[in-house]
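Next come two complexes built around chain A: one with chain B, the other with chain C.
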Partner chain A sequence: MLLKVKDLSLSLKKNGKYATILDHISFQVEKGETVGIVGESGCGKSMTALSLMRLLPEKARLDGEINLMDENIAKYSKRKLEKIRGNQVSMIFQDPLTSLNPLQTVGTQIEESLILHRNMTKEERRTRVLKLLKDVGLPRAEELVNEYPHQLSGGMRQRVMIAIAMACEPQLLICDEPTTALDVTIQAQILELMGEIKRRTQMGIIMITHDMGVVAEVCDRVIVMYAGKIVEQGPVRELFQNPTHPYTIGLLDSIPKLGQRKQKLGSIPGTVPAPGNMPAGCRFAERCRHTMDICRTTVPPMFDIKDGHQSACWLFDEKGGDQDGVVRSDELETALHH
Partner chain B sequence: MALLEVTNLKQHFIIKKGFLGEKTTVKAVDGVSLFIEEGQTLGIVGESGCGKSSLGRSILRLAEPTEGSIKFKGEEVTDMNAKQMKELRKEMQIVFQDPYASLNPRNTVRQILEAPLAIHNIGSRKERREKVELLVEKIGLRKDQLNNYPHEFSGGQRQRIGIARALMLEPRLIIADEPVSALDVSVQSQVLNLMLELQQEMNLSYMFISHDLSVVQHISDKVAVMYLGKVVEISDVEKVYSDPKHPYTRALLSALPVPDPTQKKERIILQGDLPSPSNPPSGCPFHTRCPMATKECAEIVPPLEEKTPGHFAACIHT
Partner chain C sequence: MHALQFVAKRLLLMIPILIGISILTFAISNTIPGDPARLILGPKATPEGLEALREDMGLNDPLYVQYGRYMGGIAQGDLGQSTYSQRPVLNDLLRYSPATFELTMFAMVVTLVVGIPFGIISASRKDKLADQFTRIFALLGVAMPAFWLGLLLLLFFYLKLGVLPGSGRLDGGMAPPDYITGMYTVDALLTGNWPVLYAAIMHLILPGLTLAAVTIGMITRMTRSSMLSVLKSDYIRTAYAKGAPENRVLYGHALRNGVMPVITLLGMAFGHALGGSVLVEAVFSWPGLGQYAVNAINYLDFPAVMGVTLLIAVIFILVNLIVDTLYFFIDPRLKHN
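And now, the complex of A and B:
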């Protein structure tokens, strides 16, 4: 197991009070696997990524375990963490312009992690940088090493970011909306490149995105988050074909699909509860069409649906709600597709 | 007669470059012709920098077009004086992308919605109030929320307020520039549903500008694909999406991630980036990235031709 996150909780201080941002997040990533984390703005998907790298504000409170190759790094000292960041775990951010240093050349920025983590001579480093630039499909690598980020296009900048992330051949790559700022044809190039790197290196990838299309195309497994909690997770095919949590179903129904013109799209009434003001039971209860008494009082645990597909919804509790516990109930089906 | 008819519209900007201030022309919109029928939606798709927003703005003369003709209900818009323009803007309204930036934070929703009526001197105070209250319910807000300020609303609600403001003067045409791009999908669907409902109810026409192919497909009757200031393909939505005639449209559609993991399709990966609009390639603007490009493509500017009835594309190879 490459990464095993167990009961990860995060609170941030806001207006003198701690507000829960992440609540008991547990998931795993295997070697060579791409795991997608989806959800709408404010659901905690980016904070999950930042927590894994411990890139958090000073007053943040982090509980739980982050096991990276059987080492719990959640309580690592700053020093020990620096040995891991950019070395075993790398991260790619949404906006390549703000995450690159405008005052340093492309070459210097790629070289940085090699200086920190690898014992290489200047010559070896240069060869490695040039190879990395070629690997991410950038032309004229020799000239590019001396250029600055503003001289590059958005797609090229994101390729440079990937080259930086790949410099030390990490086992785990965390991508936070890596293609959101890019045009669709450039997005296709970057996704293709990432798939190719994954096949070659067998690294694990965590892909954070709000785009269900990106998830469907690149991920093996998917985690759906809502208001700081995981509401559903499972293999990508299974989850798209047989979504079980009312939030996931609502989310999928609200996407315009090719070939269905001018039909009314599904929508989810209401808004996401604010952090620090979460309801007692299920956090989706306020907006759900199937709310039962238990939903308002007790937080639903993850119920097993089948083969690694889990859903945090009381409808799948065998003692109540859903009867067979395997597929969503008829009631759910008709209510959602009437 | 079409409600809006645009012929050979050009919007060129002159920019200064470099230390000596050398002037170059950016051809943001370069000879676009299209029309929109009453009650219909024309989608405009393309990637950043293709000129889709400039097109919308120059149709409203928010930026003065360089050349070409814009006819609204048969009347030439480019010749109109300020007074006539003001009258025209009652019938042509715009909805912007960013619902955070396009509403005045110091005004209440009531003030925001009444402003268009006040500017055009329509109705008595009481009538304005009533009109605002009527419309606000149509867009799914409560009357008692009228005295709130924009920051008290969510992004989706703000965009609905933006739509309501555009509707206050009962326009015939709404130019919507990326109206749902800043919204989460579940909120985006609410706004799209609202726009479709309002269209049916009021027989509105939309020009829907977006980079999102699936959204455009959902809401439009016809669609125009733009690349570097030019329309490269235009037809009914079904025709363009099921049988794209321009290699750029084909690449765009194949690059679109589909939320269905069982569907594995052949992706056409375009090489390179979008050329700079200040220095577009010779001949066909797409030839530098086109998988079908030949020598002629660098020389001949392909005209927008009718490939099959009602289906126009600008490519010499299809």
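And now, the complex of A and C:
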């Protein structure tokens, strides 16, 4: 097991009091596996990524376990964390325009990880930087090392970010909306590159996105988050074909599909509850079409649907479903054929 | 290439700016009450004598004629004759400016050495004790009038403790070093005159600190706010994500980005220090442009006042030009665009 996150909770101090951002998040990433985390803005997916890297504001309170290769890094000291960041775990950020230092050359910025984590001579580092640039598909690497971020296009900059992340061949790569700020054609190229890297290395990848297309393209498994909690997770194909949580259904319903003439795209009524003002029961209860009494009072646990497919919805409580995997309640039946 | 064009453009822009300044100063100094002729001839002057002198000095001509005459002289490198010292103003300026320049430069070095580190500490320990301390220090520096701070420093370090000299550029009876630049520290260093170098530095400390108090405050606060905004930026997060330790992030990534707006302010601070030297030189009997200007104003010595004003304006503009040109070397985005 590459990464095992257990009961991860995060609170941030805002206006003098702590607000819960993440609430008992648990998931796993295997070696060579790509796990997508989806959800709308503010659901805590980026905060999950930053928590894994422990790149949190000073006043953040983090509980639970982050087991990276059986080492709980949630309690690591600053010094020990620095040894892991950029070395065993790397991160790619959303905006390649602002994520690179404008005053340093591309070469210097890629080289930095090697200086920090590898005992290499200057020559060895240079060779490695050139190879990294070629690996991420950038042309004329020899000139590129001496150029500054502003001289590159958005797609090239994101490739540089990937090169930086790959410098020390990490076991885990966290991508926070790596294609959101890019043109659609460039998006496809970057995703292709990520897929290629995934095939070549045995790296585990966490892909944070709000784009279901990206998930379908590159992920093996997907985690759906809502208001700081995981509401559903499972293998991509299974989850897309057989979504169970009303939120996931709503999310998938809101994507336009080619070839389907539909008058109106689905939308989910209402808004996400604010951190610090979470309801007692299920956080989606207020917006859900199938709300039952128990939803408002008790937080739903994860119910097993099928191998590895889990859903945090009371509709799948044993009492309401049958045993052989295709757990359906009458309520959901109507929801799915709506 | 681009930098050269930029400098040329800015140098050309200096001309209208200087003409504007000269008109303003000329108008102000000629409309303030007081009669230079009466000041020169004293209380016992006869009306005929006064009239003759006024005619002789051209004071009876219309203001624009006087201004035209003055500017005509400047075009030929003639800044007029000081009515007080009876020497050409240009000679006086050359004679007094090295002392002021030395004092101002010293204050700027102190400002840089103290202000920027204070700003960095303040930003990296935001809202902690060190931040509060530097904030109070910076506010005091900006808020305290220079002449009052100067007197306090004199009282304490000169009169009470007796560890630092109180006035002048060198100890009494000490011969100045051989003239090279007119700045005693530089000349003493160049000629290897160590006792004079030591004395010159000791004499610079109190007036230099007085002058630097305001600019340290300015630079500290500016560095702090600039560093704070840089520390929030995405590339700082990238640096942390690479595993860079805090100090490396702070000095390797944040500092160069954070110091950019501070550089602009540095030009302003230099101008502030030049202007502030008028008061500080008076407190510490520093024989520089400030003292010369104060005397010139007291004696309604218009050519001298004009000369000092124009010189300070030229230095101020040049320093800001140098500062702005520095960006071309620090910010690669300007170099390539």
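One rule holds for everything that comes next: the second predicted complex is superposed on the first by the 320 of 338 C-alpha atoms of A that agree within 3 Å, B and C clash if a C-alpha of one lies under 4 Å from a C-alpha of the other, contacts with A are read in each partner's own complex, and residues count from 1 in each chain.
Going forward, a residue touches a chain if its C-beta (ideal position, glycine included) is under 8 Å from a C-beta of that chain, and two chains touch if they have at least 3 such contacts.
None of the values given here were measured: they were computed from a predicted structure.
Colleague: Check the residue A:R200 against both partner chains and state whether it touches chain B (first), chain C (second), both, or neither.
Modeller: Neither partner.
Colleague: Tell me the contact category for A:V214 with respect to chain B and chain C: first, second, both or neither.
Modeller: first
Colleague: Can A:S153 be said to touch chain B (first), chain C (second), both, or neither?
Modeller: Only chain B; A:S153 stays clear of chain C.
Colleague: Identify the partner contact of A:R85: answer first if only chain B is touched, second if only chain C is, both if each is, neither if none is.
Modeller: In the superposition, A:R85 touches chain C alone.
Colleague: Mind working out whether A:L258 is in touch with chain B, chain C, both or neither, as first, second, both or neither?
Modeller: In the superposition, A:L258 touches chain B alone.
Colleague: Looking at A:F93, would you say it contacts chain B, chain C, both, or neither? Reply first, second, both or neither.
Modeller: second
Colleague: Between chain B and chain C, whom does A:K17 touch in the aligned arrangement: first, second, both, or neither?
Modeller: Neither partner.
Colleague: Of the two partners chain B and chain C, indicate the one touching more residues belonging to chain A.
Modeller: B
Colleague: I'd like to know which partner A:M53 touches here: chain B for first, chain C for second, both or neither.
Modeller: The answer is second: A:M53 touches chain C but not chain B.
Colleague: Under the definition above, what is the set of chain C residues touching chain A in their complex?
Modeller: Residue positions touching the partner: 233-235, 237-246, 248, 253, 256-257, 330-333, 336.
Colleague: State the interface residues of chain B toward chain A in the complex, per the touch definition above.
Modeller: Residue positions touching the partner: 47-48, 154, 184-190, 192-193, 196, 211, 213-215, 217-219, 237-238, 241, 251-252, 254-263, 267, 269-270, 273-274.
Colleague: Help me check something: in the complex, which residues belonging to chain A touch chain C?
Modeller: 53, 55, 78-79, 81-87, 90-91, 93, 95, 98-104, 112-113, 116-117, 148, 150-151, 161, 164
Colleague: Name, in rising order, each residue of chain A that touches chain B in their complex.
Modeller: So the residues of chain A in touch with chain B come to 40-41, 153-156, 183-189, 191-192, 210-217, 236-237, 240-241, 250-268, 271.
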